[in-house]
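Multiple structures follow.
There are two complexes below, and they share chain A, which is joined by chain B in the first and by chain C in the second.
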Partner chain A sequence: MSRTLKIALGVLLIAIFIVGPADLTGFGIPWTGLKRYGTYILTLWLVTAVAAMGVNLIVGYAGQETLAQAAFLGIGAFTTTLLQKAGLPFGLCFIASGLVCFLVGIILGFPALRVQKHYLAFVTLAFSVFVWLVIRNEEWLTGGVNGIQGIKRPVLFGISLRPALYYYWLVLTLTAVLTGMMWWLLRSPWGRAFTALRENSVRAESLGIDVRGYTLMAFAIGSGYGGFAGAMYAPLVEFIDPSPFALGASLQYLLMVVAGGAGSFVGPFVGAAVSVLLPEWLRFAEGFYLIIFALLVMLLMAFCPTGIVGLFERLTTKARRPHADDKGPTLGTGTGSTTVAGSKS
Partner chain B sequence: MYLKSTVAAVLAAAAWAMPASAQDNTLKIPGVLELSGAGAISGTNFRDGIVMAIEDINAAGGVLGKKLVFETVDTASDPGKARAAIQRALDDKPTVIFGPVFSGSVNATLPMTNEAQIPQIIGGEAANITSQGSKYIFRTSFGQNVSMPKIANYLRDGVKAKSLAIVYVNNDFGKGGRNAIMKELESRGIKVAADLSIEAGQADFAADVVKVKAASADAVFVYLNEEESARFLIEAKKQGLDKPLIGETTLLGQKVIDLAKEAANGVKGHVGLTIDAPSPLVAEFAKKFEAKFKYKPDHNGMKGYLGAYMFKTAAEKAGKLDPVAIAAAMHGLTVTPDKVPGILIEATWDDTGEIDRISYLAEVKDGKQVITQTLPKLK
Partner chain C sequence: MSEVMTAPARTMNGTGKTVLEVRDISKSFGGVHAVRGVTFDVREGEILGLIGPNGSGKSTLFNCILGQLTPTTGEVRVGGASVTGLRPSQLNRLGIGRTFQLLQVFPQLTVRENLILAGQEHEGSRLKRLFGPRDAGLTANAERMIDFFRLGHLSDEKAGGLSYGQQKLLDCAMAFMAGPKLVLLDEPAGGVNLTMLGNLKERLQAINKETGATFVVIEHNMEFVMSLCTRIIVLAEGKVIAEGHPDTIRKDPKVIEAYLGH
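This part shows the complex of A and B:
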């Protein structure tokens, strides 16, 4: 794909994301947009993708394991809700949610200095259960099993973001900012260090990378993304209770990242799409959709452990190979290698 | 590469979001129900009850000339998903919405149907559902605010208990019931000897039964969902717990009896709705339901069935398929089985959507629920 084509496609895609759910009949375009529910699902997909992005940083880039993302989502959601009820504007609540989760991530990730991988997974598993129990039993704070109702959507420059489409645009903007930050982070020396840790931590350490420090940072930043996602989740659903923050949901975030393609930048978006949209597509199957979903994941893992993005890559590189051979790119000429780079970037 | 997969995802999302075309002579009835997760038993029963009622209604000509088409969405017993599902249903501007059955999901969704002015016929029993001022919420069974005073009276007059151990499931249903009965016990001079919460989905009740035994109360009030009720009864029998086990509807339900088998024998309590009610209509309903779905319905099956008939009656009273008019027709509506056999037992709805109807005291004997006394309507 040539560079201009890529940019054009990128711009088109951004345009689709911005105006896609909107009603364009007023502009003479025969597209009535998405209904409230369609917009809701699209927004939920973005929120889920932000949380999954955090998991991807921890799992896909730093090579650790986390089973607590839903708990961080919960901390973020309740932080935003409680601060909002105390009268703070959404912007502050949002930043506070991310910050609180980042700090909790540092405290919780501290055992990561001693334990790694599966052991870290156990630490996060225990934490996940702990947070869920707190949310459920501390009724004075969280409303317990009855949850908290009537969470307000934010007001920006005097405009209420109560309509689904306006709130979608806010979430889209925040997601774009968070995605940009993640992109920058992964391309910074930090990101390189994370990848080095995942590939070979002993060698990374021998190259002077502070393994413990970077692991902790990856975990805390990833958890912070969970907090940001939670801050957007609460006003989206306008109601929170303990169930979306239970252990099962944490497992699902991990599953999303693995199914999407761990360590791939768009992996979390694809994984979140599978998790949020697939139940919609499989609705015709009624009670069987969970079975179908589980089977699909099992097949995917058995035959393509690099996830859906990996599967796509495999298919596209296979299709292109003869084409590339025809051109006969030689090392060092510089021009012929674009196909390979294009498929991996 | 990323672009490609993202484009694919967007196209797929757009394809899915295309609106479905409406048909003329049918009326879509959305059901937002617990078809998986902790509420699966209740939700499936409720759904099948509606399915059966709608088939009967359609065979008899439908509602105001329109055939009903029932479409269910699974909430996975999750209030957040229930909200999304209700939103989806509301986008199609329905005339009525059925479900959810779990009170938590009802509480999370009732402001939405109230705002959209669409009647919502529910299975939830939490006391606070009808006290929030929604003009569009309608119960199909007693709220805990109605059933708990009846249980408390029974504990005082029937069981003659001076102290009580309470075992409740730690969710909105269990906690709501526990809080409601606590209030009633105090004024009747019954002391609470033990107050135990158990988890939804809990499998091992050994420690809980030990605690109940240690409390040595005159009676034990068991307020759990179906599967937990059965597991508790089995463990209670195993440990030889010899105090009267008292329940409300669920504990004496068919599903619990099926699961707990002989361990359910001897359980007593109050039942709002039961297929063992001394009524030929109910017996016929139960027989037909079992023949159709190959399992015995519980009270939730009856709730779904009579809920559909309640909607039909109200729509015909309103004379048009207008949600606001239908909701208005439901308030103060009394439906009697001699005019509408599908209602099974005479029922009245008040201005808050609360239901009033006769109820029963019952006991489980030889794997069957036996009615021992019929309690009159409140008003």
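This part shows the complex of A and C:
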């Protein structure tokens, strides 16, 4: 994706997140901001995008597989809830949730050193089911199927973040920090090493890249993002039970990354929008909305496996070059042999 | 070139100390004995050719030396220390580079990024690489390598968009990016056109002459290997059947028989 397009998409997302819930009537603009439910959906979009960013690191950049992100969301949500109930401030609970998931993610990364592709997916699937069973059965800790109710939203500098809009600003700030951290990570030599793992791990190893270490780090950091998302999710919904952390949800996180554009920085935000916003927009279809949703996703995957960001890129490339080949952009040096002096033979 | 490689210059004759010792290496896959008791030394500064008919065990031997495969028996020593069983990444950090028989560049990265990637793990600690500059301080070195291998006009192109010959040059350049003391090249001339082949040979000879870097080259192109190498080892059916100067090897009846089958 060209730099201009990336910036344009990023600016559009930032504008939606800042302007969406804000009351602009004071500036002479007739926009009163989203109502309570709209703000809740926007917050959920951000939380979901943070979890999807973690999956994107593991799947899109490092080329591994994971069907366990919802489990990490669950671990993060319950860690924050239990620590908050024990009297710890939200900030510490938030950090602890990410840290716990980071450490568990390292453990989950070890099978990736031995098995790859769908075998690895099944290992993470088993982990996901294991965590869900623990959440459902260990009633003394998690409340079992009844879950835990009355989760409080944090108080920051004496200001209660109980109102949806106030909590939204906190989630937006934390998401911005986490997005910045991910951007830094992917722009650093680590990001290049993750890409090398995805593209050719044998060659990467021969260039001195510690494939084991970077694989474990991809799982740990990606899972940590699941934990951070869980820490923000629990006070948002104020009630947690096992259902949002089941295997189906993990599959949905993978879908978000693939539908948004695996390996694209803004892909998780776009994919999370598909998962969170599209069902809301399809409510007019009532009982048919899931069928329409499934059909749209199937069509997207069939005709644009690079996701919505890839589709956007293809459309804009065609707009710039009306006779461009359907296979997408090609480099002038990619055909025929070229001499070292640069002239084509 | 001298600013690309900073090691002291040595002669092409390989009169220096022993860089690599291969001792009685064997490798079996079930009942198939791919490599059988191969022993040889590689001296500092020499260009050693490893030739043999298809299936003679050259690439398997390479993979045993470079940690891609664990030898069934035998030992590999680098600079006097045993490195048998070390992972390829550990060997690379000890100063051993390699290229592969099939092209192994990173197609989604640019030429410059491929080269930076090839050198970044040799720069500082992993934590420093996380918080340090994006290019790990290697842009200038990568540019020099790009110029040296005459890929200057392609620095910002994605590697996947280069021609086959250009990707071969990039593959070689990547192997030299970290300033290795020993490089094992697996069929560097395979599929490369004549113009590019001459350029590749000239570049390899220049690196060897100016820095004393040591090479072991597997190659099927006899003209290329005979004119590049200072010593040649011939493998057939997993065993060493001849060793010596290219002129001697060319006339060796055992070598002729191994290649022609009579």
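By our rule, the second predicted complex is superposed on the first by the 298 of 345 C-alpha atoms of A that agree within 3 Å, B and C clash if a C-alpha of one lies under 4 Å from a C-alpha of the other, contacts with A are read in each partner's own complex, and residues count from 1 in each chain.
The rule is simple: contacts are C-beta pairs under 8 Å (C-beta built on N, C-alpha and C of every residue); 3 or more make two chains touch, one makes a residue touch a chain.
Only a predicted model underlies this, so the values are computations on that prediction, with no experimental measurement involved.
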TODO: Applying the touch criterion given at the start, work out whether A:Thr173 contacts chain B, chain C, both or neither, answering first, second, both or neither.
DONE: neither
Open item on the list: Tell me the contact category for A:Ser160 with respect to chain B and chain C: first, second, both or neither.
Closed with: neither
Open item on the list: So in the superposed three-chain picture, is A:Leu207 touching just chain B, just chain C, both, or none of them (first/second/both/neither)?
Closed with: second
TODO: Based on the superposed arrangement, let me know which partner A:Thr25 touches: chain B (first), chain C (second), both, or neither?
DONE: neither
Open item on the list: Quick check on the superposed pair: does A:Ile41 touch chain B, chain C, both, or neither? Answer first, second, both or neither.
Closed with: first
Task: Partner touching more residues of chain A, whether chain B or chain C - done: B
TODO: Have a look at where A:Gly144 lands relative to chain B and chain C in the superposition and call it first, second, both or neither.
DONE: first
Open item on the list: On chain A, which stretch or stretches are contacted by chain B in one complex as well as by chain C in the other?
Closed with: 342, 345
Open item on the list: With touch defined as at the start, can you tell me which chain A residues reach chain B in the complex?
Closed with: 1, 6, 9-10, 13, 16-17, 20, 32, 34-38, 40-42, 44-45, 136, 144-147, 149-150, 237-241, 243-244, 265-266, 269-270, 273, 277, 280-281, 283, 286-287, 289-290, 308-309, 312-313, 316, 342-345
- [ ] State the interface residues of chain A toward chain C in the complex, per the touch definition above.
- [x] 185, 187-190, 192-193, 195-196, 199-200, 202-211, 213, 330-342, 345
- [ ] Would you mind writing out the residues of chain B in touch with chain A in their complex?
- [x] 1-7, 9-10, 12-14, 16-17, 19, 35-36, 72-74, 77-80, 83-84, 87-88, 90-91, 104, 107-108, 111, 170-172, 175
Task: Interfacial residue positions of chain C with respect to chain A in the complex - done: 66, 68, 87-89, 92-93, 97-98, 100, 104-109, 113, 116-118, 120-123, 126, 129-132, 134-136, 150-151, 153-154, 157-158, 160-166, 169, 174, 178, 193, 195-196, 199
